[in-house]
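Just below is one structure, and these are the notes that go with it.
We just call them A, B and C in the order they show up, numbering each chain from 1.
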Amino acid sequence: MHVWEVFRQEQEGEPMVHVGSVVAPDRERAREYARDIYSRRYEAYRLWLVPREAVVEITDLDYLQPPIDRTYRMGVAYRVTVEKRRQIKRMFEDLAKEVYGES
Amino acid sequence: MSPELKEAYARYLLTLADDEIVIGYRDSEWTGVAPVIEEDVAFSSLAQDEIGHARLYYTLAGQRLGKDPDHLALLRPKEGYYHARLLEDRTTPKYDPGGNHQGGGDWAKAVARRFLYDLFDDLRVEGLLSSADPELAGAAEKIRREEKYHLRHGEAWWRTLAMGSVEARERLEAALEAIWPDLLGLFEPAPGEEALVEAGLIARTTDALRDPWLERIYPYFEAHALPFPGEKAGAEWRLGVEARTGGRQGIHGPGWDELYEEMTMVRRLEPEGAW
Amino acid sequence: MTYEERVETFRKRIKEGHKVEATDWMPDEYRARLLKFIEMHANSELMGALPERDWILRAPSLHRKLAVTAKIQDEVGHAQLLYRLVEDLGKPREKIFEDLVQGRTKFHNVFHYPTHSWGDVGIIAWLVDGAAVISQGALQRSSYAPYGRTMRRICWEEAFHLKHGEDIVLTAVMGTERQKRLMQEALERWWEPLMMFHGPPTPPEKDKDLAWGIKTKPNEQLRQEFLSTYVRKIQEIGLKIPDPKLKFDSDTGRWSYTEPDWDKLYAIVTGNGPASKQRLSFRRLSLEETAWVRRAILGERAQAA
């Protein structure tokens, strides 16, 4: 008997999500059992079966989420953008007043 | 449609439905007691498919007879069911509330019966695809899309039992030997089938399916050198077993007595009531 | 870090709401409790198929027949999901079944009772599954994440069972006197087991499964939720609950009821219920009769191992 990990896509275009596993003597029955355990009520658009031995797990958090700041990769570092835009706008308005006077 | 043809057609639809409901009922008993729990679930799906097919056929028959499908399924007299006798025997152990359970559960028989019946049914349903009755043809098309997977399931188990272990093979051989007369009983025709062929409602009479079925099942025996009770001489099959018939006339055995009692038990309390 | 320190860190993480996965490190006691808890749950799903299984053949219409078969198929499907978790925690399936039929492991009290009529089928699917959904709903937040995920799936399917059961009961109640009586009598049979279902009112601080976050709500709270959800629904359809002491106290916001005999519950779940021996002997019989099939599919690989 072998263990197959089962991944399910619930609708076309959605990601394959791990839903559990089945034990079966061969691929054919793994297919049947996966269908019957994980899609009895129209739940699956697609199923993937992966032999458990093929799964490589990485759980090392220092590796996955390094401790030194990486936020420069994300938008959070740019929250000032809006404020900068406002300042620039004000700058041009001031400049216009200087050139054309009050209007 | 002449009254005779109409009667023969309704009878044929009931025969189809009765075959499917009886094997569906018997296979549904494996829910909870199959060899591995994944298989409980798989076998139960097969059983539900068959009951679903029976419901389609009962609905078609009901439209022609002016009867409710549930009435046809559950409220006919015991001798008014026309399924093949092969399908009526229990293959699971039977629970007894007092603890004197009946053993005799036989997975080999359940698997062999289901697979060889499915191969028969596949040929029969194939002959309905071109029916002059578009409703039956439509039902047959849908049914075949489900039965395809039943055959795949059957093939996998056939191989496991034939090759998995000496013990499994012996059990498969014993089961086959016991069911051969009833397997051939599948080909007993319902009354009036020839008129149905003439009217284009079905492609072939049930007895005409026997040889194509033998052709189809023989390779599965040959592949694993399983004993086959006959051989082909020229274009003729010579078989060493006699068919046990009667099912299509409503003649059944103790397996049916037991099943009929159970399946009608609750409904009989209030036959016309809503349940 | 010493073992004790690791355990302390683990405990703290659980308290903070962190989740544990199958391949994570866990204290021996956590693993042992988890395994026992999930194994009992899995056994209950499997043994729970038996009382209802008797009614697969007897269902009174084609629709009911299909729905009952599908429902029981779901229960066995749930057993499969849960046994997979138990196997991943380190206990092989053959051993699980051996312990079950030898009476070394338990299953839920409600599956130790006989069924008598179609009424039982309705009441079980509606109220026993209803009681189960309340505890399983709380288990969705278990500290053991694979268990919590499995509960989400199971609760989704149980919701269909409740509708199926409630519909059986409502249809019968709207039917003849005889049909209605089937439901009333079944309710009377099942009320005591239902009141025992969530277990004795163990003080939360003494409940170790609660401390480890394996479960998330104390027994009594679950029972109160069950009563709040179902008592009115039962009474509204004209069925009488067989407990004269049952009433809601609006001052305390709690239900009072006749205290079940907890020694009796203990006797039942340890194999002395009215149908315990019959159910276990049937499970043993079916396992024995199919042992050759498992040997055949395990084949050479198992012999070599």
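Quick note on the criterion: a contact is a pair of C-beta atoms (placed from the backbone, for glycine too) under 8 Å apart; a residue touches a chain by one contact, two chains touch by 3 or more.
Source: prediction; values computed, not measured.
> Just by CA atoms, which chain is the most central one?
C
> Look at the interfaces B-C and A-B and say which one is made up of more C-beta pairs in contact.
B-C
> Report, in whole Å, the distance between the mean C-alpha point of subunit B and the mean C-alpha point of subunit C.
36
> How many angstrom lie between the CA centroids of subunit A and subunit B, rounded to a whole number?
Distance between chain centres, rounded to whole Å: 49 Å.
> Which residue numbers or ranges of subunit B touch two or more of the other chains?
Correct list: 36, 38, 41, 44-45, 160.
> What are the residue numbers in subunit A that touch two or more other chains?
Only 22-23, 25, 36-37, 40 qualify.
> If I count partner chains per residue in subunit C, which residues reach a count of at least 2?
In subunit C, residues 70, 73, 77, 80, 297, 299 touch at least two other chains, as defined above.
> Would you pull the subunit C residues touching subunit B in the complex into a rising list?
Residue list for subunit C touching subunit B: 46, 49-50, 53-66, 69-70, 72-73, 76-77, 79-80, 83, 114, 117-118, 168, 171-172, 174-176, 178-179, 182, 275, 277-278, 281-282, 285-286, 289-290, 292-297, 299.
> Going by the contact rule set out above, which residues of subunit A touch subunit B in the complex?
22-26, 28-29, 32-33, 36-37, 40
> What part of subunit B is in contact with subunit C in the complex they form?
Listed in rising order, the residues of subunit B that touch subunit C are 25, 28-29, 31-38, 40-41, 44-45, 47-48, 51-52, 54-55, 58, 69-70, 73-74, 92-93, 95-99, 101, 103-107, 160-161, 164-165, 167-168, 171, 259, 262-263, 265-267, 269-270, 273-275.
> Name, in rising order, each residue of subunit C that touches subunit A in their complex.
21, 23-24, 70, 73-74, 77, 80-81, 84, 87, 93, 150, 153, 157, 160, 297-299, 301-302
> What does subunit B use to touch subunit A in their complex?
Touch list, subunit B to subunit A: 36, 38-39, 41-42, 44-45, 149, 152-153, 156, 160.
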